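Below, chain A partners chain B and then partners chain C, in two separate complexes.
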Partner chain A sequence: MSDIYKSLVEIAGEGHVSTQTEELYFYARDPGLMPTHKPDYVVAPKTTEEVQKIVKLANKEKIPIVPMGAGMALTGLIIPLKGGIVIDMKRMRKIVGVNEKARHAIVEGGTSQGALKAYLERNYPNLRHSIPDAPPTVTIAANVAIHGQGRLAQQYGFNSDMVSGLEVVLPTGELCKIGSCSMSPDWFSKGPTLPDLSGLFLGWLGTTGIITKLGLKLYPKKRMRDVEIFVTDREDLVPDILFNLTHTEMVEDINIWFQAKPIMFTGNHHITLYITGDRDEELEFKRKMVWDSLKEFRDRKDGGFMWVLPAMKPTFLDMPQKSITTFADVKKGGGFEYSGPIVLIEKYPMLARNLEEVANKYKLAYSGMARVIGRGHAMMFAIAFTFNRADPDMMQRVKKAGHEGITFAFDHGGIPWKPTVEEQKMAMERMDPNTLKLMKMVKENLDPNGIMNPGNWEVN
Partner chain B sequence: MEFEAIVHRCFRCGYCKFTEDYQDFNCPSYAKFGLDTYAAGGRMWLINAWLNNEIKTSEHYAEILYSCVTCGNCEKHCVFTFRDDLLNIFEAAKAELVSEGLIPPPVRDYFKAIKVNGNPYKEPQDERGKWAEGTDIQLYSDQEYLFYVGDVGSYDERGKKMAKSVGRLLTEAGLSIGILGNEEKSDGNDVKALGEKWLFEQLAKDNIDIFKKKGVKKIITLDPHAFNAFAQEYPKLGGNFEVWHYTQILSMLIREKKIPPLSAYKVKVTYHDPCYLGRHNGVYSAPRGVLKGIPGIEVIEMNRNRENAFCCGGGGGNFFTDILGVGEESPSRIRVREALDTGAEVLAVACPLCAKMLDDAVKAEGVEERITVRDVADIIITAM
Partner chain C sequence: MYRLKFDENVCVTCPTSDCLFKCQYIDVDRDTAHNEMMKIIKGEGSFVLRDCVTCYACEEYCKRGNHPFYLITERREEKGMLTASRAITNQWINMCEPQGKYRVGEVKEKALSCCFIGELRQMARGKLFEGIRSSYVLGAEFFCEVVYLHFAKTSIIKERLPKVIENISQLGIKQLICMHDECYGSFTSLAPAFGIEVPFEPIHYLEYLYDRLQELKSEIKPLNIKVAYQRPCSSRLSLDKYHFVGDILALIGAELVEREYQGENALCCGEIIRMTDRDEVANDVQKRNIDDMVESGAEYCVFNCPYCQMALSEKVSKRGIKPIHIIDLCKMAIGEKK
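And then the complex of A and B:
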């Protein structure tokens, strides 16, 4: 038994540390298509102190560490590329508190999106957070560490914009508070009016520290919520439609989706939009504003509102939307790969055409999906393919198609979201050299031994 | 392996770990260890790896498979179309270990005890019916119902007490019941869950033969595990009986006023759903109906209840094999803390295995002064 193993057992307890083949197999991969690599140890700590001890041990011994939530980015971000210790954070899932009037929650670093949703529904029915459509197991900390988006992205931006404070274990083991909580008991701001240090951790894919606690902004939850779907067969009109919709400031979330099958969906672009209200009058007023905003398109017969059957509504109103996860089994094979470059909304038509072309070229089932971020400031365009895990040829085709899709997005001004290592390299090749230099300085100063999720955002 | 064509379809998304509303992880072995390998998705990926020769069978692989308590939460909450086969897949994977002889020693000992002694306690068969001595319960001849108490009701002190309480209530209500006494055999439910299909079929066939020979048409079970075996599995082997759990019968007897009027019993009670009664067979209302029928009782639900109930950790043979082990994060202790959160003074149970598991957990938590584990029948007797 190695000294490292013994030390980890002393820190986290025997049942929560493993060097067994089975855990090393499982934690060597995610459900996507990235090459696997085994960790040497897996540990599931329960407290911040335990995380600190693990990091200090790893830093002293120069062992790589990879913090992990649910591992559902599907782009290999939790695969321990250089071995070392995978730290599964999900035992740290306490909801520390909610400040109802200031509308924020403080949660531990392994708290799942689902658990916060349930907690708020039970205890603070007037509050909600921006839940993504990933499975509810995904953790809030990991989601902000990759700049995830959720149901409130159209109104308030990336989920990382909604962070209101961080507690981070630095790669050298010190515990550091970021934002108002660094000098106050209250977690209402991640930066302003202090120097905003949250940028040292958000978007860094776990390469600069481990988030052990975070404050998250909450938002009013209206009593009623409904869905409308505007359908057009002209992808070139989608940017204008979105511009009009976002102008109303009446819409909660806007998603656009298109797919080849079933046949009734072929060739159409479905703009799913959600409206909310505390009373019927509010809901109907918003519905009217939304309908009016698209009058010109309706008048020209360029599109129209689809009748959403009552039986279909629960599927769309579900949060998270389970049907997105079930896409993984369309090919009866449990596989689903997607990249989600962030692009300008005006790029939607060409990205949609490209996705269809690439899917046809590689004979793949695809799901085109996009989510508006901010008032049309950008959008996440998902390049998603389902595959059969028992079909190696299909898996290869998905890899190639994904690569072509992301390259096309970069060529048209996009930036990566939750990028694979390969996509990170592609991004860094395109980055301003001084930006890269700054990234390198930040990384080397924070993580002098290069132990944090090495292989990711690695500037050479 | 049976079902191997669908094992690779798991996306390991984790919906299966949760309750319906996502309030917390609801997979007992995952709650205990906190490593993804101990949840349904982990098992699926490991079984797939084993099928693909990426990993070999090992003690640890067996421990992971046998730490599943077959509570059925994963089947209820998985979002994929193959969800109904999750437990079948785990059972099939365990059956492979059984055929390879690579099962954990406590599982092996459990099978041996059942095969040699007819019960997991290694007690003599001729003492099986001893629990009924001193009661008015008769041996089965041609009564309307067979009262089947099972291994725990026959040999475990807590189980025997429960069997007596239920037997007393049924008899006093004038119900025509009889027991098999020393002729009773294991129902085999947990033998099957542990992957010993052959032994299960032997037990089931023997039981079916005895039931048929004696002319049994209707069965009341003490134990939800037996209820599940008789209701779900025996029909596949030709054993078709009308099967009731005792709480369903008590509910009927109260409704028909065959149990004398109950006096007020002012106590706050929370009810723990046994997995093999609830999730596996959909019986949720009967035990609650019984409790609510007792004047003075305030029934408070735990956050996780009905099809979202958290298992005590005793299912799938773990009651006997104890693969999950003890400790603060053992499912039974988590469940007791959840019961305490309701403010209840009584944790009501309807399964002898749950009774024992939770009783021990109350002691381990050191909260005997705050909460007592009592079975539904025993609570009625207090109010008589």
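And then the complex of A and C:
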């Protein structure tokens, strides 16, 4: 038994550390295409102090550390590329508190989206958070660390914009509070009006620290929620349609999707939009505003609202939406690759056409999906393919198609979301040299031994 | 190529022009109604082609056996006039395209057609359907195509309906109990109007229900409830069977309330009007219709068409009226449903 194993057991306790082959097998992979790589140890701490001790141990021994939530980014971000210790955060799942009037929650770094949703439904039915369309086990901290988006992205931006404070274990083991909580008991701001240090951790994919606690902004939860779907056969009109819709300021979430099958969806682009209200009058007023905002397209017969039958509504109103996981297994065999560059909405038509071309070229099942971020400031355009892990040829085709898709997005001004290592490299090749230099300075100063999730955001 | 059988002389000599004069969505006097119909017959432009909401009612208003609505539909398509957007129209055309995903039971000479509506298959249970339930067809291959009248696409009907009829015939079906009102209308009105032969006997499910309830008469416990009836658009294509609604309700002890929007004056459920991009008309129609049900003291809103039920269930419920399909109401009467 190694000294490191013993040390980890001393820190986290027997039963929360493993070097068992079958466990390392699972911690060596995610459901995407990235090659596997086994960690040497897996540890599941319960407290911030335990995380600090693990990080200090890793520093002393110069062992890589990979912090992990549910491991569902699908782009290999939790695969321990250089071995070392995977720190599974899921035991740190306490919901520390909710400030109802200030509308924020404080949760531990391993708290899942589903747990917070259920907690709010039970205890604060007038509050909600921006839940992503991922399995409910995914963690809030990991989601903000990758700049995830959720059901409130159209109204309030990236989920990371909704952070209201952080507690982070730095790569050297010190504990650091970020935002208002650094000088106050209240977690209402991640930065302003202080220097905003949250940017040292958000978007860094776990390479600059481990989030052990975070404040998350909550938002009013209306009593009623409904869905409308506007359908057009002209992708070139989608940006204008979205511009009109976002101008109403009446819509919660806006998703755009297109797919070849089933054939009722063939050839059309579907704009799913959600409206909410506390009373029928509010809901109907918003519905009318939304319909009116698209009158020009309806009058020209360029688009119309489809009848969302009552039996279809639960599928769309689900949070998170389970239908995405259904698509993820269309080909069976457990493979799902999902990149999502962030682009200007005006690029939607060319990205949509490109995705279709690439999917046809490589004979792959695709799902085109996009989500509006902010009032049309940008959109996430998903390049998603489902594949069979038992089919190496299909995996190879997915890899090539994904690469072409992301290259096309970058060529048209996009930036990566939760990028694979390869996509990170592609992004850094295109980045301003001084930006890269600054990233390198930040990384080297925060993580002098280079132990945090090595291989990711590695500026050479 | 199938052509609409339409006798323009019938309209030229029509003394009432009721087809358009009685229209609840276009407000015209008799002279205007006559003139606009003449324009439509001649293939000229008419505001009727723009404003028709596709409620089918003019097929009933015309007592001289012509087909004003089918003609309007033909003319719209000839002129490339869409009712809904291209995207929605194509969605419906694609959705109901046969793809070999049909279901066929142990089909006998007498069979149930569940159209393309799974809910109808679910409804066909219990004593009312004893002995017939297993003999059924369901799927796009048996879809009656009537819906394309709403989308001004008679070309799709002409292309697909003969094949549907052939599919049914090839199964050896001699009598087809149409569980969807539209199917009956398709085989008894639409197909003959376009010269499409129907080699089997269509039976309206309301007639089947009535006969079956007669057989089960001893098990009926009068419901003693007041009901409003939501008449579907396709019921305008099967006038001879409309009386079965009243007959069935009387048999099971449900009082059909007197109200403004019933019989010839019935209002559309509204959702097709919404899909053809007239949301304000749809809202107005639904509000007037439900207000009328409430004012007449109805406790239940009884549906014939599952799609009308989907359109109005939530809305009538919010006004304190219970939505129910007529088959389920019959099941209530024989103690199979609460």
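As a convention for this text, the second predicted complex is superposed on the first by the 460 of 460 C-alpha atoms of A that agree within 3 Å, B and C clash if a C-alpha of one lies under 4 Å from a C-alpha of the other, contacts with A are read in each partner's own complex, and residues count from 1 in each chain.
Here, a residue touches a chain if its C-beta (ideal position, glycine included) is under 8 Å from a C-beta of that chain, and two chains touch if they have at least 3 such contacts.
All values reported here derive from a predicted model rather than from experimental measurement.
Visitor: Kindly say whether there is room for both chain B and chain C on chain A in the superposition, answering fit or clash.
Guide: With chain A as the common anchor, chain B and chain C both fit in the superposed model.
Visitor: Going by the contact rule set out at the top, does A:135 touch chain B (first), chain C (second), both, or neither?
Guide: first
Visitor: For A:280, decide between first (touching chain B), second (touching chain C), both and neither.
Guide: second
Visitor: Could you tell me if A:144 is touching chain B, chain C, both of them or neither one (first, second, both, neither)?
Guide: In the superposed model, A:144 contacts neither chain B nor chain C.
Visitor: Compare chain B and chain C by how many residues of chain A each one touches, and report the one with more.
Guide: Counted on chain A, the partner with more touching residues turns out to be B.
Visitor: Based on the superposed arrangement, let me know which partner A:307 touches: chain B (first), chain C (second), both, or neither?
Guide: second
Visitor: So in the superposed three-chain picture, is A:233 touching just chain B, just chain C, both, or none of them (first/second/both/neither)?
Guide: Once the two structures are laid over each other on A, A:233 reaches chain C alone.
Visitor: Does chain B (first) or chain C (second) touch A:291, or do both, or does neither?
Guide: second
Visitor: Can A:268 be said to touch chain B (first), chain C (second), both, or neither?
Guide: Only chain C; A:268 stays clear of chain B.
Visitor: Check the superposed model and tell me the shortest C-alpha distance between chain B and chain C, rounded to whole Å.
Guide: 19
Visitor: Overlap the chain B and chain C contact sets on chain A and report the shared residues.
Guide: none
Visitor: Which residues of chain A touch chain B once you look at their complex with the stated criterion?
Guide: 15-16, 18, 20-23, 25-27, 31, 42, 44, 46, 70-72, 88, 90-91, 93, 112-115, 117-119, 121-122, 135-137, 322, 325-326, 328-329, 332-336, 388-390
Visitor: Considering only the defined contacts, which chain A positions touch chain C in the complex?
Guide: Per the stated touch rule, the residues are 231-233, 263-269, 280, 288, 291, 297-299, 301-307, 309-311.
Visitor: Residues of chain C touching chain A in their complex?
Guide: Against chain A, chain C makes touches at 82, 84-88, 90-92, 94-95, 97, 99, 271, 274-275, 277, 279, 310, 313-314, 318.
Visitor: Mind listing the chain B positions that touch chain A in their complex?
Guide: 6, 8-15, 17-19, 21-25, 32-37, 42, 45-46, 48-49, 54-56, 58, 60-61, 64, 79-82, 303, 325, 327, 329
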